[in-house]
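Accompanying notes for the structure given below.
Naming follows writing order (A, B, C and D), and every chain is counted from residue 1.
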Amino acid sequence: MAKILSGKEVATHNTREDCWIIVHGKAYDVTDFLPEHPGGSKIILKYAGKDATAEYDPIHPPDAITTNLPPEKHLGSVAPDTVEKVEITITDEEKARQGRVALRPSLSEVLNLHDFETIARLVMPEKAWAYYSSAADDEITHRENHAAYHRIWFRPRIMRDVTQVDWSTTILGQKSSMPVYISATALGKLGHPDGELNLTRAAGKHGVIQMIPTLASCSFDQIMDAAVPGQTQFFQLYVNKDRAVTKRIVQHAEARGIKGLFITVDAPQLGRREKDMRQKFEAEDPSEVTKAGSDGVDRSQGAARAISSFIDPGLNWDDLKWFKSITKMPIILKGVQCWEDALEAYDRGCAGVVLSNHGGRQLEFSRSGIEVLAEVVDHLKRARKLTFPNEKFQLFVDGGVRRATDVLKAVALGATAVGVGRPFIYAFSAYGTEGVDHALQILHDEFEMNMRLLGAPSLKNVVPEMVDTTHIGSHIVSVPDDRLYMSNYESLRTAELKAKSKL
Amino acid sequence: MAKILSGKEVATHNTREDCWIIVHGKAYDVTDFLPEHPGGSKIILKYAGKDATAEYDPIHPPDAITTNLPPEKHLGSVAPDTVEKVEITITDEEKARQGRVALRPSLSEVLNLHDFETIARLVMPEKAWAYYSSAADDEITHRENHAAYHRIWFRPRIMRDVTQVDWSTTILGQKSSMPVYISATALGKLGHPDGELNLTRAAGKHGVIQMIPTLASCSFDQIMDAAVPGQTQFFQLYVNKDRAVTKRIVQHAEARGIKGLFITVDAPQLGRREKDMRQKFEAEDPSEVTKAGSDGVDRSQGAARAISSFIDPGLNWDDLKWFKSITKMPIILKGVQCWEDALEAYDRGCAGVVLSNHGGRQLEFSRSGIEVLAEVVDHLKRARKLTFPNEKFQLFVDGGVRRATDVLKAVALGATAVGVGRPFIYAFSAYGTEGVDHALQILHDEFEMNMRLLGAPSLKNVVPEMVDTTHIGSHIVSVPDDRLYMSNYESLRTAELKAKSKL
Amino acid sequence: MAKILSGKEVATHNTREDCWIIVHGKAYDVTDFLPEHPGGSKIILKYAGKDATAEYDPIHPPDAITTNLPPEKHLGSVAPDTVEKVEITITDEEKARQGRVALRPSLSEVLNLHDFETIARLVMPEKAWAYYSSAADDEITHRENHAAYHRIWFRPRIMRDVTQVDWSTTILGQKSSMPVYISATALGKLGHPDGELNLTRAAGKHGVIQMIPTLASCSFDQIMDAAVPGQTQFFQLYVNKDRAVTKRIVQHAEARGIKGLFITVDAPQLGRREKDMRQKFEAEDPSEVTKAGSDGVDRSQGAARAISSFIDPGLNWDDLKWFKSITKMPIILKGVQCWEDALEAYDRGCAGVVLSNHGGRQLEFSRSGIEVLAEVVDHLKRARKLTFPNEKFQLFVDGGVRRATDVLKAVALGATAVGVGRPFIYAFSAYGTEGVDHALQILHDEFEMNMRLLGAPSLKNVVPEMVDTTHIGSHIVSVPDDRLYMSNYESLRTAELKAKSKL
Amino acid sequence: MAKILSGKEVATHNTREDCWIIVHGKAYDVTDFLPEHPGGSKIILKYAGKDATAEYDPIHPPDAITTNLPPEKHLGSVAPDTVEKVEITITDEEKARQGRVALRPSLSEVLNLHDFETIARLVMPEKAWAYYSSAADDEITHRENHAAYHRIWFRPRIMRDVTQVDWSTTILGQKSSMPVYISATALGKLGHPDGELNLTRAAGKHGVIQMIPTLASCSFDQIMDAAVPGQTQFFQLYVNKDRAVTKRIVQHAEARGIKGLFITVDAPQLGRREKDMRQKFEAEDPSEVTKAGSDGVDRSQGAARAISSFIDPGLNWDDLKWFKSITKMPIILKGVQCWEDALEAYDRGCAGVVLSNHGGRQLEFSRSGIEVLAEVVDHLKRARKLTFPNEKFQLFVDGGVRRATDVLKAVALGATAVGVGRPFIYAFSAYGTEGVDHALQILHDEFEMNMRLLGAPSLKNVVPEMVDTTHIGSHIVSVPDDRLYMSNYESLRTAELKAKSKL
């Protein structure tokens, strides 16, 4: 137990079959964990028998290794002066990336949330981009999430006094300066060393609510500690097969002051994100890659499974009773995708639902949250005479939001608030906390302007009659084009300068 | 008061904190005005302590500085011989532009209104292009304005005697040679030194009505003076927070013979025109740009606010009574976007409404005027038994018009006339008054031909049955494409010359 | 009268103000005709005072000049040996074109009608391509004509004996080997020296009916003479303001055995074909081009007007009685575009109508013939209990047809036959008579195959239930794309060869 | 009869007019067969008078020549040592292709069925690619087959215990590990020397059913012999004009244990596959190509006819009785395309139908199988009160399937199983049997994940309410774009790095 290992001894365990590593001065036997490591085994094997702290720190919550490895794999402390120092070599690609970081435009040139994505893609590590930006299968649903908003048009009102406009609201009884919350997204440290703390700080400054993810790179308590007094936070929960673990997490969250428990229900298994998988292959050493078809092992698939292996695919409606028995926090189901399940959630006493397809990362050809919202509002009115927004049963949507106009469309249709995820990740990946701060300021500016242009002094005035949703469910794919005909068609040309046409 | 300043004295006030400039021989303290200048502070600071007349003249109405600066900032005359002459240096970019001006094709090669835009973009100053061409947010509404016309198809009639065809009409009781008026657009001198006067002259020649903008670069009286006897003009009004100012403007307009007062109601705050904002950043000195996020000041945003700072966001229906008390001109609301507000305008005694989204420059995802027209005609018929076109309550649309066929579609649906803005700006930016003249002639030619082809001897014969508007409200966004599938699909090829395939 | 001029004398009349030319040994004063010449005045001025025969012959019917010029401008014969020989210089562009002619693929490589267009565009003179391929305004209708067929889908039947399939039919009582006729198109010699004769010969060989155009490059009698015994021909008529001329033409046609008179009713004025107009400007000498806006003369416009100047825009329903008084030929109106006019034509005793928008060359945003067909069949059934195809009142469509499947869709909907124009022009422009022959053979092959695949032994079995026309009238324009979002979206990639990804 | 020929004698028959070849040591007179050879005559003429075995073997079933040539053309054995050895020369193109084969990525990098197509296109012979990938006419239907699935969206359910998910099923009473069968496709050896055997082996391993094609490159018995004990196989039948041949084939299939007879009913004549035809021309010697139009012979067309010449276009409903008299196998019609024919098949006692348009290779503008499925289910419910999936009358679809989600959509709508063709061909063309193995594994993985994400523990839970098919029949073609307007429109730009915009 109190045995002190020497670096030399650890160093002998440096193979795939017998692999120890050192993190924060302690040694761990990770041999059995290798195939389950979400980041792949290769990156661990690089540090087999060595001190992996420098590589480990920027990506993992401090307790990741201790909570994931069974106690018998905790080998104890290593005498510090016996451990060889490990230097991280910087690749040319990484150098080029750092060069681009230095060339970021000033934040005042970032005019909208799209801009953060452009800059982030250029300045963040490739694997972070691949992880965040990827979505399921052909990414149809991912793009549909944004496109769906473009099928909704406004019917603004005029000649209303909009000298003062107010877009603040309350979410689950908590004040929010705008009808937007920061949605839970995993592994924030991939994009920025401060990870989710960037979100906490900016949210605190702007009076916006953050939803803390189960799979954060920072520990839950680190995030809670970063909040300012009175700052509201929600918690997103992946339900563990081991309910004791879940109970501990939930009750700890409640004890620390979390105001809403969002249980993810759309991820009994993580989706295929092939952009991410393909990136992994490129990062691997080709000489190591398994021979075609020879062993039936799909290692990338394995990685996806590993990260989700603790999530319980057996979670079902009967579990709701148990959740209510262990917490008083309002319970919201995140990932509802049809009115039947929204109704069930209402009947079983949930405080609300998030109409979401997990940012397009789970079931391909799921419909967008905004489309489902219209369906849910319609059916719950018919079935239970509910009107929305509704204090007792709140509707949220997420996915594809880039503008305050998107949010206002959801509000007009009955949503209490809208979750925004990737744009804030891109904001901090490119500019840290200041980026998120600026992103929220952009939203504030857009809300102010668009409330005025809609003729709505407050969110109460943003009503269903203000949107035209006739085509919200039009899933149209054009007939394939006649390429022979079009290749023959000669485009019209405009007039040209003499220089071009005559000289 | 009668104090004569020396150039030397003025020259000492040459900092951001203490900034004087000379215009037309008089000195002004513009220190406080710097952050509000629509063109940005930088261009003023360039002339801090100096004579700015040469830079000022091409862009501003002569009285812009005197009306915008409070009297106490008017510092009095400067002794002319004490003022150092300021030379405007011509950049390489500007030289290239002037070179392109020399290469403009002859007007007879300009076959349609699109051509003016092509040439104007090449020969006008970049900031003028950015200001005119930009629109709100993602410019969806801006493009939709044009696209909406393409969802309306004709049902032409045959075997009618169309030897003589007549497309003249009356607008608010005034004769017009075509069902088109020149819509109000701001800052005409950005595109051409004569600014709005180009429009006045060509309109006078063609018997077309011009709507004079509040934010013209030429003064209102200059424009009125440029009209030929009997020429009809309308006036577009931004309502000032200070109603006394508004009253003075309106009554002066009426006194000078304006025949219709078009009150803009869709701009309580100016929209985000990011193309314009981005252009401004490029024009700025990068070394001056505020450090990312450090002060929360969004200077571009500030510019947009400055130009609109006098506009009253408190304008509302109750104000209409007051307007009627100060003028006998017919009052038309410009910027109505749903039937409910058109009905309200009718019930409150307006002479008409312009169904408009401000050229796509205000609320993004506003519907096109032509789409709203169909809705308004339908509902006002049901609610008040009105038929259109209607002498008592006239409907106008603007936005996206490029062809006489567009206009005839609006007329068929019930519009009295259609406003055209940008195309005429592009016409004079490229060719001055002659450009506008030619643009109007093109429209005349198109009207003659299309009236014949429609089988309509006069506008009375352009009736609803002549258009198929089934899909006017179809806001369709295709399902995102399957890029994997399409990247695998090999296009069909046509036959090829032997040279290509065999040699 | 019998005076013999000398070439020298003619040569002195060589200015725009006094312009004589020699054609086929006779002199003509064309001064007044210059501005009306469809091909522009410049090409005539090039031969002012000279022998223009070599330039004239390939484009004009032999009698074009004698019928277009009033008798007093016929100056009489010129002594042959006094005339200087004129050499036509061949431009580099023309040499390149002739080089491409030599590289045409063999006809057996031409697999479909699209291929002719590809090759024709490469090997025909640029002005011929511009004239044939151009259409009105933005060419939306032109392309819609083809696109409309792609909104109609088949419901084929199986398990029917299709060993023998028969796609022959009768049109206006005349046999045709397929439900297709060769539609009238003007100026055939632009594409090939034999002009319309190419069509006559191939039509005769294949038992297909040709519709002879008023504006043929070959004379009417030349075309009639080229027919084989028993070959059926129709005649397309532009009605002349001078009804005596029209009467002479019609009665001559009847006398020569024409079996159907197709009166064009969609062209009281010729449409704006800007592609053609732009080509004309490029062919002009830039130094000659009128100064911008200086004289108000639109010369290109003038050309279009000239060719159509004899067409009577006063033609109307009352004229039908007169036509019936001068001929016994069945009368068909060509260019009907809504059911109301089809009904009128039926009620006034026409033998049929061609539902056509003139190949998209007249009114922009006219609907396609195939779309109008569905409307006409529906309404005439309701209004007059007619069923189609109908021997007494036949429906034809033209525009956009490229495949036998297009034709079969029209037949299923009730058309007796379909007119095909441009594809045959492209066929002879690229390969002369053999090209048209091959084009017809391709159609035969396609008919045979598609009748089998439809499960239709004869055209009688091609019934409305075989087509799904739900979306025939869906004039959809997608919401403009979000370019910011899409520029950020990173496409999925497929797997790659190692060479690309690893080396 | 027992005469032994010498190679020298055979070598004298080496012209188009008198052509013998040697295959597997026997000589054949193929003179009359030349124009009918599906692969063209040129490749045979290359071996006129020589030993063609090396060229013959990889493409043909061993008995192809003996069954296709009448007995009198079988000339008998050739003395082996008298035959000159023929070397196949490898072209540069072929060498490059073999180079690409060596660079194939490992199978673990092949993430989905699309990837096989990408790799196959790069590594398979060009003519194989042209044959497999081509489809009818403009290939609209071919692409629509895939696109149609994208108009169907999911309505997944949550909170269901999906710890165990089961996607196995039974097809025609036979077990299948997934609701997918390997559809019949011709000429497998074009892509891989083992041809259809690749499919047999992988199907056996995975418990999936293979449908053996009439036009396989391997002989029927070879394929049957390659199956593992208990492996289920179906048979696809082209009905021969000579019913005795058909009877022999059918009864042999039944005797060997085939469990379902799929009679192709959508190919009375093979479709025009112009991509394939064009490839053939490129492969031909240009000097041989017939002069344009000179003889009316369409050689490519001839090839298509040859391969299908034995297929009976007279096949009709009355033949079904005969089929039932000669076999007890369940009979399924493959290629039904409307509900009327599905109903007829049901009424006449078929065991099911495949709703298919032959992979888009037959009638262009046929609707996709998935669209027809919705129609069939709807009408058979109304007409015969059938519900689906249905043990007594099973519905299958094929065409355009690339993902398990596609399959699950079909299952939700009532299909028993889905046929997949091209993807498996591409899999073995790129990787042989291992490729098909991996393709099936991918489908298994996708089924597992998507069943979970749908909330469906078994296929019984995949119900109609889980799909939104509102737009399944929306055959939309957008109005042609306004190219003038769009060429003038300047796209919005995102923020840029300083490096790009400033340096």
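Basically, contacts are C-beta pairs under 8 Å (C-beta built on N, C-alpha and C of every residue); 3 or more make two chains touch, one makes a residue touch a chain.
None of these values were measured; they are calculated from a predicted model.
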Shared interface numbers for chain A and chain D above half of all numbers used, same, or below, different? different
What chain lies farthest away from chain B once each centre is taken as the mean of the Cα atoms? D
Just going by residue numbers, which of C-D, B-D or A-C has an interface where over half the contact pairs are the same as at B-C? C-D
Please tell me the distance, in whole Å, between the geometric centres of chain A and chain C computed from their C-alpha atoms. 59
Between chain A and chain D, centroid-to-centroid distance (C-alpha), Å: 42
Using mean CA coordinates as chain centres, what's the chain A-chain B distance in Å? 42
Two-or-more-chain contact residues of chain D, please, as numbers and ranges. 104, 109, 111-112, 114, 117-118, 138-140, 143, 147, 150-151, 274, 278, 474-479, 482-485, 487-488, 492-495, 498, 501
Just say which it is for the chain contacts: an open line, a closed ring, a star, complete, or other. complete
Can you list the chain B residues touching chain A in their complex? 100, 103-105, 109-111, 114-115, 117-119, 122, 137-138, 140, 265-266, 268-269, 271-272, 274, 277-278, 281, 289-293, 296-301, 312-317, 319-320, 333, 335-338, 340-341, 344, 362-367, 473-480, 482-485, 491-494
Per the touch rule, the chain C residues reaching chain D in their complex are 104, 106-109, 111-112, 138-140, 142-144, 147-148, 150-163, 403, 405, 409, 431, 434-435, 437-438, 441, 445-446, 448-450, 452-454, 465, 468, 470-471, 474-478, 483-484, 487-488, 494-499, 501
Give every residue of chain B touching chain D within the complex, in rising order. 112, 114, 117-118, 121, 133, 138-139, 143, 146-147, 150-151, 274-275, 278, 282, 286, 402, 476, 479, 482, 484-485, 487-490, 492-493, 495, 498, 501-502
